[in-house]
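One chain, subunit A, appears in both complexes that follow, with subunit B as partner in the first and subunit C in the second.
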Partner chain A sequence: MVIFSVYVVNKAGGLIYQYDNYVPRAEAEKTFSFPLDLVLKHHDEKVIVSFGQRDGIRVGHAVLSINGVDVMGKNTGEGKDILEYLRDANNYPVSIRFGRARLSSNEKLMLASMFHSLFAIGSQLSPDVGSSGIEMLETDVFKLHCFQTLTGIKFIVLADPRQSGIDTLLRKIYEIYSDFALKNPFYSLEMPIRCELFDQNLKGALEVAEKAGNFGAGS
Partner chain B sequence: MSRQSNRTTDSKKMNSELFTLTYGALVTQLCKDYENDEEVNKQLDKMGYNIGVRLIEDFLARSSIGRCQDFRETADVIAKVAFKMYLGVTPSVTNWSPAGDEFSLILENNPLVDFVELPDNHNTLIYSNLLCGVLRGALEMVKSTLF
Partner chain C sequence: METVCFIASGTGRSRRESPRMSPSVLRKDGFLSFQTSKYRLHYYETPSGLKFVMNTDLSVSNARETLQHIYSNLYVEYIVKNPVCVLGHNLDSELFSSRLDAFIRALPYYSPRAA
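This part shows the complex of A and B:
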């Protein structure tokens, strides 16, 4: 029972805080010999599998590391282009780790702004005036809970679908924000939150919520 | 509303005299620095504004009050909930204008001005102008009705 991540979005739709708490996803590391039977391609500054799904390596998985060295975008750790490197028979046998790519901070910023826009559309589509906006987005793997304060700040929590008590958690995160971020005179409003006390207390609140959620679902 | 156990700060009591003295020191220092009552009033308002924009979130997080439906409800919430929560006093809401868009908050006992007497040479000084700024800042943060 896990809370995957927490996002805080300001009035203008910009992401001001982001915390990831998830368990690492499935990754597969395999040793390959020339020629590589997977088809790889460039996508969004990453190298991903486009054909040849097998053994836990799925289409869409990104190359995470080669021979134990983490890759940097399209290049290996040493700066060589990955596709060039893998076309050269002299570099084989090579051990490559594939997995679902983590979101970069730019991608998270874009997704947060997109959610902010969807939220606005959601409130306006409402048949009744004064809708609260999107409160929950449910998929089979996670549930996204959103709480917008009267001042326009949105707290978004991604959690396991069976996790309970997220509403209390959202209110608690609001309290922690009003304490450790706002009462810090050196923190400017609407700017990214870089307060250690906020981080610490947020992690504490997530732990409490995860434990409480376990009791709730077990009974 | 469920309050978790690590919210100890609201049970810490502070000596109200220290608070009055702190505010008094602030105002007198401003008077010395600016030497002009109008300027001091402006500075107090600015400071109050900065406090208000942060205080509103604390107020909303702790009181879980929803959006007020009209101005009268706003006046009631300010007087009965907000002032009570932060200063421990409940001002009275009076003097409504005929159009219903202006009212007065009368503070019977204002903790900021305990023991304070304004001298004659500061008769345009609004001593508690910080509170006006706080109200201005707080209300400005919740006025948008876009969503």
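This part shows the complex of A and C:
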């Protein structure tokens, strides 16, 4: 059972720390001949599959490399536009690697701020008075747990839906934050956390949580 | 337990962002529910983009079947098959409202709130 990632969001909704731990994404490399039987399109500075599915390549997968050379955004490693390149029959046969694109740091920043707002909306929508913000969000592949401290810092953990003991883990991360970030004289409040000891201890806590299956009170 | 039901159509983007944070591409159901300290919001989206939202208290863990039933047995029967109802506008069917009310009251986890 895995903990996928940890996000720390400050009072204003800005992402101040992010750690990714998830398993390698599924990738598929295939050799294609002209014409390409997948429909590709530009999306957010990437080239993704908009229609077509075969052999592990799905809609939404991004082009990761062409002929072994990693792509750079919308262009090939050599700087040519990918869609132009793939429309030219002379470039075939071509070997393309598809996979789920990792979130860029900008995207993570946007998602963290979005969650910060939704967290507040969650407490407004409550049929009962005095509700907290969103404490847990569930999808079919992961569960997102959020703990908001009294000072407005949010600790967000994405984990496997079956993982238990995340509440204790969130409290433990808060403890690690106060020990290694707040007590660090060179760390300024609400700023991105760049403290080595915080990283190390956080990774340690995640390992304990994953190994135990649940984070016991005795740890 | 209080239940509040919303039905929304059209494209709502913000909730759909949650699958982007997920590590696998197997997006069968997507976002299911979220909970706060007082309530839980359940969500079901049909392939046609119709969104069903239900707020319950914390004791209800999975209402996806319920929402799916509301869609296929109530919405489709009493709204879609109703020639007078204009899809996408306010659902103005007495029959739909009363059947929905009866269905919710008959749910095992429903109990009338003490005033």
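Everything that follows uses one rule, which is that the second predicted complex is superposed on the first by the 209 of 219 C-alpha atoms of A that agree within 3 Å, B and C clash if a C-alpha of one lies under 4 Å from a C-alpha of the other, contacts with A are read in each partner's own complex, and residues count from 1 in each chain.
In the analysis below, a residue touches a chain if its C-beta (ideal position, glycine included) is under 8 Å from a C-beta of that chain, and two chains touch if they have at least 3 such contacts.
It should be emphasised that the depicted structure is a prediction, and the values quoted were computed from it without experimental measurement.
**Q** For A:Pro127 in the superposed arrangement: first (subunit B), second (subunit C), both or neither?
**A** Only subunit C is touched by A:Pro127; subunit B is not.
**Q** Please indicate which partner A:Leu111 is in contact with in the superposed arrangement: first for subunit B, second for subunit C, both, or neither.
**A** second
**Q** Scan A:Gly204 for contacts with subunit B and subunit C and give back first, second, both or neither.
**A** first
**Q** With the two complexes superposed on chain A, say which partner A:Thr168 touches: subunit B (first), subunit C (second), both, or neither.
**A** first
**Q** Comparing subunit B against subunit C, which has contacts with more of the residues in subunit A?
**A** For subunit A, the partner with the higher number of touched residues is C.
**Q** Could you tell me if A:Arg58 is touching subunit B, subunit C, both of them or neither one (first, second, both, neither)?
**A** After superposition on chain A, A:Arg58 lies in contact with subunit C alone.
**Q** Of the two partner chains, subunit B (first) and subunit C (second), which one does A:Arg100 touch, if any: first, second, both, or neither?
**A** Second partner only.
**Q** In the superposed arrangement, which partner chain does A:Glu138 touch: subunit B (first), subunit C (second), both, or neither?
**A** A:Glu138 sits against subunit C, while subunit B stays out of touch.
**Q** In the overlay, answer first, second, both or neither for which of subunit B and subunit C A:Ile153 touches.
**A** First partner only, subunit B.
**Q** Check the residue A:Phe4 against both partner chains and state whether it touches subunit B (first), subunit C (second), both, or neither.
**A** After superposing on A, A:Phe4 lies in contact with subunit C but is clear of subunit B.
**Q** Subunit A residues touched by both subunit B and subunit C?
**A** In subunit A, residues 123, 130, 133 are touched by subunit B and also by subunit C.
**Q** Inside the complex, what are the residues of subunit A that reach subunit B?
**A** Residues in contact with subunit B: 11, 119-120, 123, 130, 133, 148-153, 168, 171-172, 174-175, 177-179, 182-183, 189, 201, 204-205, 208.
**Q** Could you please specify the touching residues of subunit C with respect to subunit A in the complex?
**A** Interface residues on the subunit C side: 2, 4, 14, 17-39, 41, 55.
**Q** Give every residue of subunit B touching subunit A within the complex, in rising order.
**A** 1-2, 4, 6-7, 9, 53-54, 56-58, 60-62, 64, 66-67, 141-142, 144, 146-147
**Q** Could you pull out which subunit A residues touch subunit C in their complex?
**A** 4-5, 22-23, 25-26, 58, 60-61, 100, 103, 107, 111, 114, 118, 122-123, 125-128, 130-142, 144, 158
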